[in-house]
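The structure appears below as structure tokens.
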Amino acid sequence: MSATAEVIPHTVEPHPVTGVYNGKFGMWLFLASEIMLFGALFSSYVLLRVGSAEWPHGYSVLNVPLATVNTMVLITSSVTVVMAWYCLQLNDFGKARLYLLATIGLALVFMVIKYIEYSSKFEHHHYPRTNLFYGLYFTLTGLHGLHVLGGILVFLYFVGPGAGMWKTDPHRYTNRVECAGLYWHFVDLVWIFLFPSIYLL
Amino acid sequence: MSAATHGSHAGHDHGAAHGHDLPFWRKYVFSVDHKVIGVQYTITALVFLLFGFSLMMIMRYQLAYPGRPLPIVGSWLGPGLVNADRSLSPDGYNVFGAMHGTIMVFLAVVPLVVGGFGNYVVPLQIGAPDMAFPRLNAASYWSYLSGGLVMFASFFMKGGAAQSGWTSYAPLAVISPGQTVWLLGMVLLITSSLLGSVNFIVTIVQLRAPGLSFFRLPFFVWAQFVTAFLLLLAFPPLEAAAILQLMDRIAGTSFFMPTGLVVSGQILPTEALPHTGGGSPLLWQHLFWFLAHPEVYVLILPAMGIVAEVVANNTRKPLWGYRSMVYAIIFLGFMSFIVWAHHMFMTGMGTKLSLFFATTTMIISIPSVVVLTALILSLWGAAMRFNSQFLFALAFLPMFAIGGLTGLPLGLPASDIHLHDTYYVIGHFHYVVAPGTIFAIFAGVYHWYPKVTGRKMSELLGRVHFWPSLICMNVIFLPMLFQGLQGLSRRTYDPLVYDAGQAVQGWHFVSSWGAWILAIAQIPFIINFFWSAVAGKKVSDNPWDATTLEWAAPSPPPHGNFLKSVSVYRDPYVYSPPGRPSDFWPQNQPPED
Amino acid sequence: MVNVKRVAVLCLAAVGVAVSGSDVLAGGPMGTATIKGKAMLSAAKPSMRAIDMGADKACAAMHSKPQYPQGKMVFPDGSIPYAFIYLKDGVTGKYDTPSTPVEIDQQGCMYRPHVFGMIAGQPLLIKNNDDTAHNIHALPKKNAQFNFSQPKKGLENKLEGSKTFTRPEVMVKIKCDVHPWMSAYAGVLSHPFFAVSGKGGEWEIKNVPAGKYTLAIWHEEWGTMEVPIEVADGATVEHTFTYSKAAAQRDVNVREVTVGSGPIARASNP
Amino acid sequence: MMAGGYSLWLPVDVSKHGFEIDRLIYALHILMAVLFVGWGIVFAYCLVRFRQRPGHRADAVVIKAKASKYAEIGVAVFEAVLLLAFAVPVLARVKNQFPSEAESEVVRVVAEQFAWNGHYAGADGVFGRTDPKFIAPDNLIGLDPNDPHGTDDIITVNELHVPVNKPVIVRLSSKDVIHSFAVPALRVKQDVIPGMTIPIWFEAARLGEFDIQCAQLCGNNHFKMRGRIHIDTDAAFAEWKKSKAPGEAPKVSEEDFQL
Amino acid sequence: MSFAHPDEARKHRNAYLKVFAALAVLTVVTVAVAEMKFLSMPMAIAVAMVVAGTKASLVAAYFMHLISERKAIYATLILCGVLFVALLLLPVVTQGEVDAWRRTHVP
């Protein structure tokens, strides 16, 4: 039996020096690259806005009340994810599962509201190509929407087929939910910056 | 090297009795073992290297004999690429130019040095059983392969492959055909690099063997560590730019399209190009070069790593100034993020801005000088063994010196006025990549081939491959420097149109023949590569008497790499220690015996 | 049947008179009526500058006297060449696509012919008779665009099947990217009843079956006009089109583009 | 044929600021040669002396290579001198310190896919208003017909004439994609970005006729985008301007019509 | 990593709820400030960014447990933060070009 076999060290318990298990360190690195991705989009937004002769104010063109509701939905889903992870700490899988379902539900509400927003824009013949403002609006919020969709799929996996791991290796399952939670908080963070810069300014 | 060789060894995997027998396609095709993925990366990237190389050979025919029908290849190429009389058409020349650049940078060299060597060697050198996230590693390879196939398929699609350069500058790339598929391929390749870099950083930080502190890491691992950070933080801005350009092309937005464009006599927006304007073409250049400069350091850092390994091993002497080299490449990695605009001196930047980027460019040339000087001084007081890999590593030093030095006139905005976008630029970066990185790749293949297959590559074929390659590299690229000084613009399909072109047409002829002879000089390597896998001389686990950890594992290492757990007691390159019988002291040998 | 067509083409080429497609081909119902007339301009003659062929010494060398943009040519008596006259609607029959290609020759850095008609699906043969590089760039709206180069003299590209113009579209602009003054216009129709006004502004459409039609005229500089006409068998109908004012119709879709006004250019999207 | 005065080394330099750029390129190449030869000598010496011979073992003692540290510092200082003393002043003068428009010849160059359109102000010295609406095969830069200043403007294709020993300001703009206005003989190169008008200036010191090249890939006929710049004496320049001025409307006769 | 005893658990739970409330309030504040439209553009931007910054740091600190992390994570974030700033300097860096581009429009 080769001594090390093929068990990868530190997948569950933290590394003595760095104090972090592999998954969390990997997720934080991925979030760093996401910061650079959205950072590039924000700097393009600033450059294009500063460079153009005139630019409509977000609130005069977009539906701000609906977007505010959307922001509240996303913040609540951020809290339910933390509560889910918190319940897993207390080995209460049932409650945690409920919180995860709540997160998925809220995320779906977010997507539905976004669908309403987009379809109302298309009715008024405001397409991405209409002008630069709508181009940036659709691209930024669309990419953020795709990230929300990705989060929904991950949480569906944890509630569905992935739940089996809770029985075999609860600690690793908790870590996975924590990493997914980190990603979800990041998506919420991006929306926290996206909302004022496009809708309000 | 090919998957088949693994079969012959797996039968009697001595010791690893537990070998859970996966079906063939799980063990070799969709494997999660970093070694199999490393081999898959290497072979796919070598195929793309050959493909990119052959595109260039066709272009060289047009440059050497402008307008003459292509000999054999002419009948194969479709109407989009050749004229009615089978000579290469201007569109064909631009398509081959753009795809030669894209394939060589994103599909051949980076996957070879990072995906192939990095995946195979780094876990072994740090004493880890595998990468931190094996499945992520497989996902990164398959995303790379699908990106490569998308790029390859774009040749056969209606619009043809991309034809606005590997830099795909904004208004041209948004209005010319073939760019959408190129962008999709790029997004796949970027995803592959991101997944790979996350994997590398976590592996190097978390899975080091006990006793292996950061400053006992082999220099190759340090190079991969800095490269992974460059990939992780530099690629996303290009992904953002690719998304914006994709929206420009598909949804008709105009992020990069200024107002009031008149294309082919028609004022935008028209049906075909519904851009209402307001965007900035320079935004694309800034985002692209924000990635592309760290990308060119991604090309050179692992090569420096490979050369350092081979030099230390074959001079039987520790590297001179190991710590100064490590600090140099960390500083290099950081600086590479704030030099990007020296590619854009000619876009109407003010002097304040040019001064800032010229200064950072001068500063960034210092760490490269430090690494090169350290490598040359490592030769002092050595006892050199001239095997094939050492020849390639030695050739890397002067060639990289020429490549780096010719970067100086391009880094100063004043001299850049004359030399920007001329053949001088092509000579500069090809000197760094071709006799630089690709020679380092050859050195790496000759050096780690015994570890991967358990057999040595033939030394004779190695020399038959080395000497003509070295001569041809200089025959191809030295004339380009002179053509550039003459002021001949790059990417010109028919140089005879310009006075400068007519004056230096002779050099095109020389470069083209150098390129074709270089192609012939690669045949011994290809033969050696496949023939030695089955008929090469069988060797022990440590044929080169090296000190780093990968030689403590059996060749080829089983799943899980090391038979007994490995721990580290000393620096990576303890060669010829005074008062010891043998002239090398492996890292994992306990100090007492 | 085949040699009749070839004879018709030969005699047509010999006669310098305006090109007419109607006697070239059969298939649908062919009549015996003829429609002919002139194309005149009553407005002031346009000011124009000679074409500066400085861009390419090879082109300049081929011309002894200055060339003028063909679109703005007006003969001393006020008649205008290069007008495309065709039966816009009222044609019922279904006409098969001829296999003889329409030849576009690039000679003296100009397109020969400058304006021509063709049947949808008819092959195109593009020849480069100049000792310089040309780049043929067709900009149709309904048909497939093409853009390829012919860097050397003597190169011929035959476009057929899906590569040529397959859908009727009146006036497809063809330009050369290397020589900006070169332009040609193709009138793609589903029937052979069209003609191009030549010397003295004269044009003639033959073999028109009896019936009610709308006769339309198109000119790159002066725009389009239509007139309903009635044709009986064996009859000859005369009609002269007269352009009164300089219509602002250009091949460029002109509208109020407030240029450089930032992202919200008030461009009314077509 | 050795056209346009091109030799093995730098092309002929006919502009007043050219020698500064050439001087910088020479200085840099000398630095590069010195460094390369220095490294080469140490490199070759090591290859010969420290080969593996029986009885000879590598000595692991770390040499205190003071020389290399000073060499590196020397290189850094030399580069800094080149940058601050040579490169920046030249760049500042070429890019920023423009001569006054009064005493220099102002030319507008509008780049388009595969041709350089020159635009001179004509006798009245005022450029006619241009608008993309009026672009047509014989009016490539879209000169407004009802603007009185425009009637006497001179439009040329791929052909520029400039006076010698007089500063020339060229305002570069593009209709469609990024081009790059490059005249190696005048040591001038400037990207032409659509949506922007970028001015450059130079002063020719000698007569002659040289190539204008497009240095930035701008499409499949990028290689064909060659213009000629003629440096004339003042008299020849004035005479050329007169010959190029638009005459009265020409008479068109029947023979001009070809099918 | 499960909690030692229930009251520590309750402390964590309350912290999350308090953060949630704070986030909700801050969102309402941002929208209110924007609606009132009495601020000049730079001021509005500054206020919006400050509020968004506090919300972001709340989420990062408590929800993502950044305050209890170790230096490996801080190292990555600081490096990424510096390069993020370099990226955001992009518009400032190109201010020269932007002026040229707005002043002079079409050929």
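The chains carry the letters A, B, C, D and E, assigned in the order they are written, with residues numbered from 1 in each.
Note that in this section a contact is a pair of C-beta atoms (placed from the backbone, for glycine too) under 8 Å apart; a residue touches a chain by one contact, two chains touch by 3 or more.
Remember, it's a predicted structure, so these values are computed and weren't measured experimentally.
Of all chain pairs, the one linked by the largest number of contacting C-beta pairs is B-D.
With chains reduced to the mean position of their C-alpha atoms, the one farthest from chain A is C. Relative to chain E, the most remote chain by averaged C-alpha coordinates is C. Centrality by Cα centroid goes to chain B.
Inter-chain centre distance (chain C to chain D, centres taken as mean C-alpha positions): 42 Å. In this assembly, the C-alpha centroid of chain A lies 50 Å from the C-alpha centroid of chain D. Spacing of chain A relative to chain B, judged by their CA centroids, is 34 angstrom.
Annotation: 58 Å between the Cα-based centres of chain A and chain C. Those residues of chain B in touch with two or more other chains are numbered 89-91, 205, 233, 237, 254, 258-260, 264-265, 267, 269, 274, 276-278, 280, 282-283, 287, 290, 347-348, 350, 494. Touching of two or more other chains is recorded for residues 133, 149, 175, 177, 180, 252, 257, 259-265 of chain C.
Residue positions of chain A touching 2 or more other chains: 18, 20, 25, 29, 32, 36, 39-40, 44, 47-48, 51-53, 131-132.
Those residues of chain A whose C-beta lies close enough to touch chain E in the complex are 18-20, 24-25, 28-29, 32, 35-36, 39-40, 42-44, 46-47, 50-53, 59, 64, 68, 71-72, 75-76, 78-79, 81-83, 86, 89-91, 171, 174, 181-182, 185-186, 188-189, 192-193, 195-197, 199-201. Residue ranges of chain C in contact with chain D, taken from their complex: 16, 19, 45, 47-56, 66, 68-69, 71-76, 81, 110, 112-113, 133, 135, 147, 149, 175, 177-178, 180-183, 198-200, 250, 252, 254, 257, 259. Listing the residues of chain B that touch chain E in their complex gives 205, 229, 233, 237, 258-260, 280, 282-283, 286-287, 290, 337-338, 341, 347-350, 352-353. Interface residues of chain B, counted against chain A in their complex, comprise 15-18, 128-130, 132-134, 136, 194, 197-199, 201-202, 205-207, 232-237, 239-241, 243-244, 247, 251-255, 269, 274-276, 278-280, 283, 287, 290, 558-565.
Of all the residues in chain A, the ones that touch chain B in their complex are 1-11, 15, 18, 20, 22, 25-26, 29-30, 32-34, 36-41, 44, 47-48, 51-52, 127-132, 134-136, 138-139, 143.
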